[in-house]
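For reference, the structure is listed below as structure tokens.
Chain naming follows the written order as A, B, C and D, and within any one chain the residues start at number 1.
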Amino acid sequence: MNTAADGLSVEKVHVWRGDRHVLQGVSLELRPRQLLHISGPNGTGKTTLLRVVCGLLRPEQGRVSWHGQSISSVRTEYQAALAYASHEPALKGDLTALENLRFAVGLKRRVTAGELRASLERTGVGACADLPARVLSAGQRRRVALARILAMQATLWLLDEPFTNLDTAGTALTGELLHSHVQAGGAALVVAHHTLEVDVDVRRLELGP
Amino acid sequence: MTVREIMWTWFYKLASPPYVYGASAALAPWALGGAALAMGYGLIAGLAIAPPDYQQGEAVRMIYVHVPSAMLSLTVYTLMAAASAVALIWRIKVGHAVAAASAPIGASFTILALVTGSLWGRPMWGTYWAWDPRLTSELILLFLYVGVMSLRLAFEDPSRGDRAAALLAIVGVVNVPIVHFSVVWWNSLHQGATIVRLGAPKMPGSMLWPLLSMWLGFMLFFAAVLCIRLQGEVLNRERQSTWVREAVKS
Amino acid sequence: MNVGLLEAFALIVRRELCLSFRRPDQLLQPLVFFLIVTTLFPLGLNLQLSLLRDMSPGVLWVAALLSSLLSLDSLFKSDADDGTLEQLALCGQDLTVIVVAKTFAHWLVSGAALVLVSPVVGTALGIPTEAFLTMMLSLTLGTLTLSWLGAIGAGLTVGLKRGNVLLSLIVLPLAMPLLIFGAGATDRAISGTSSAGALYFLAALCVFTCTLAPFAATTALRITLE
Amino acid sequence: MMSSSFWVMGGYARYVWPCYAFACVVLAWNLWSARRFRGAAQVRARRAAEMAMAAGGEP
């Protein structure tokens, strides 16, 4: 059992949701500079797998380990090293985009407002940094969530359907960011329906029914 | 095998659902028989042979039902909390099944203790409810039971409902002594220290034996009903596993 | 480079206060509810002021309990609904720090505000001004304890659709000792006898709950976050 | 001892016998509901077993 010394490995994870055997012995490996694309029809447990990987959901059987250690023993260090973008953009409607970033990223690392504005600029929503999140469109909110992932400077990206509500420019931008993240030595696990146009070695994991 | 190994295999066996299902199926009739015997003697002795109380007269015969059910209501809650703690800490599913099975039985004993308590208090107090400290804590215990049971049912995913109810049972059991102490403190505030002792202070042997045997009868009855309910709870939680098919086919 | 414990605590408290003051109307609602409930009792009982004074500790404390429960539901629910609760759970800080910070900020906004309003309600119920100090002290301890008990209840019921009735059903039995000692302290303060005993019990209850409840609330939250 | 004075219970019959009657009701309810609960669980388990068998008997 060669658990990747410097990456993420998931071994034979089983999860039941009531009577449904959602994850049946799923295993995967993710090393730095690699991108894993998880696809499959709806309801095959893609999001459940992501929640197991990020440590929110503890599987009935199987093991998730980071740098060779089980994540339950190194929970806070592991979660400090990852950035998770869930299906919804997860922003507080009453807070401005900048405040959302400050309160989210500020818990992970000391960051200045300038840096945050720069990452918002990078994802093309610099103009609405001071607008409350509830007035932004779904696409803009997705870009703010992307800016948050960028600002966190995490080594492991866990993205659940990052392309929803994004226009073609947004999809290209996300591809670019993923590319530069993986080139810079980071790892990424992306759950998405359609194919990714990222010219880096993309490994695929198909979750069948 | 050293003592440690015996303990460990015993503990491991208790954690495996098929063993628990089989054991409780075998144990239930014996426990029920024992309960019938103990309660039979307790009833006959308590109602006919034991002397009336010098103060309360024949009314004291109600303690043979009130005191065991009141004690049981507390013991069952503590057992439920212990099973929940085992299940939550060591992630043993059978613990949740035991907690889920014992909750309704404990709640029914609490209701029994409340009704018999107020019936017993009626001749002394002149009313059915006089905020007696023990009955008030019994009432709060009933609220704790209802809280645990409704929380367990509120979740669609049964395993999450189990864990939430387990945590509430543990939080509840920590609060039971606090509630009891504060109710006694509050009651001494109003009625002063001269509370009529509900339990007889020093009981002659002829009254003590029926009470003990009724208590034993209630304990065995609880064990029997728990074994029956436990089989249902284990089946509900293990419906997908293979051993259930053999167990159910026969 | 990593953010320290106290820094994270302060940041989350600032976040919660910032969020609460963005919607001031939701801050006032529990307080107005507190005032309304305390005016219900005299109307319902049409007592003379002297009789009302004997009832006032109980009325004040029941109203305080109910209005605190009202605002407890929003402790985790708004974050759970828009997905930010998961982000907080995964931000690399221990979940206990987040629960402690959120509950403390929630108490500042609801419990402390209630204590500040209580003299107004006290005079309405005929409580003499000498008793105000004890009343406010006991209310401070009481609302703090209740916020922590409520954090456990809110953690358990955050994922449920009709969770708030169940929240009250879970939290109120645990809050009964609070009501007994709190109303007892205020009652003795009114009648002039020393309320030290009841206050000590209340303080002990508060310390006990504030030390153990964070871990229970974190476990509760971890169960519902799954 | 089974004389009429036994049933009178020294004037407290109005409380003693309802008390024991209610105790019997509670004990009987416990037994009945436990058996019903176990029966329903067995039926559900049997149906799940048949479905699993029909679906090729895979675990």
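One rule holds in what follows: a contact is a pair of C-beta atoms (placed from the backbone, for glycine too) under 8 Å apart; a residue touches a chain by one contact, two chains touch by 3 or more.
For clarity, every value in this text was computed on a predicted model and none was experimentally measured.
Annotation: B-D is the more contact-rich of the chain pairs A-C and B-D, by number of C-beta pairs in contact. Annotation: 36 Å between the Cα-based centres of subunit A and subunit C. The distance from the centre of subunit B to the centre of subunit D, with each centre set as the mean of the Cα atoms, comes to 15 Å.
Mean C-alpha positions place subunit A and subunit B at a centre distance of 48 Å.
Our note on geometry: subunit A versus subunit D, Cα centroid distance of 53 Å, whole angstroms.
Residue positions of subunit C with contacts to 2 or more other chains are 226.
Each of the following residues of subunit B touches two or more other chains: 239-240.
In subunit D, the residues that touch at least two other chains are 48. Remark: the chains found to touch one another pair up as A-B, A-C, B-C, B-D. Within the complex formed with subunit B, the residues of subunit A that make contact are 16-19, 21.
Interface residues of subunit B, counted against subunit C in their complex, comprise 88, 140, 143-144, 146-147, 150-151, 154-155, 160, 163-164, 167-168, 170-172, 174-175, 178-179, 181-183, 185-186, 189.
Listed in rising order, the residues of subunit C touching subunit B in the complex are 152, 156-157, 159-160, 163, 166, 169-170, 172-174, 176-177, 180-181, 184, 201, 205, 208, 212, 216, 219-220, 223-224, 226.
Contacts from subunit B toward subunit D in the complex involve residues 32, 43, 47-48, 52, 57-59, 61-62, 65-66, 69, 104-105, 108-109, 111-112, 115-116, 119-120, 122-123, 221, 224-225, 228-229, 231-233, 235-236, 239-240, 242, 244-245, 247-249. Contact residues on subunit D toward subunit B in their complex (touch as defined above): 1, 6, 9-12, 15-16, 18-20, 22-23, 26-27, 29-31, 33-35, 37-42, 44-46, 48-49, 52-53, 59.
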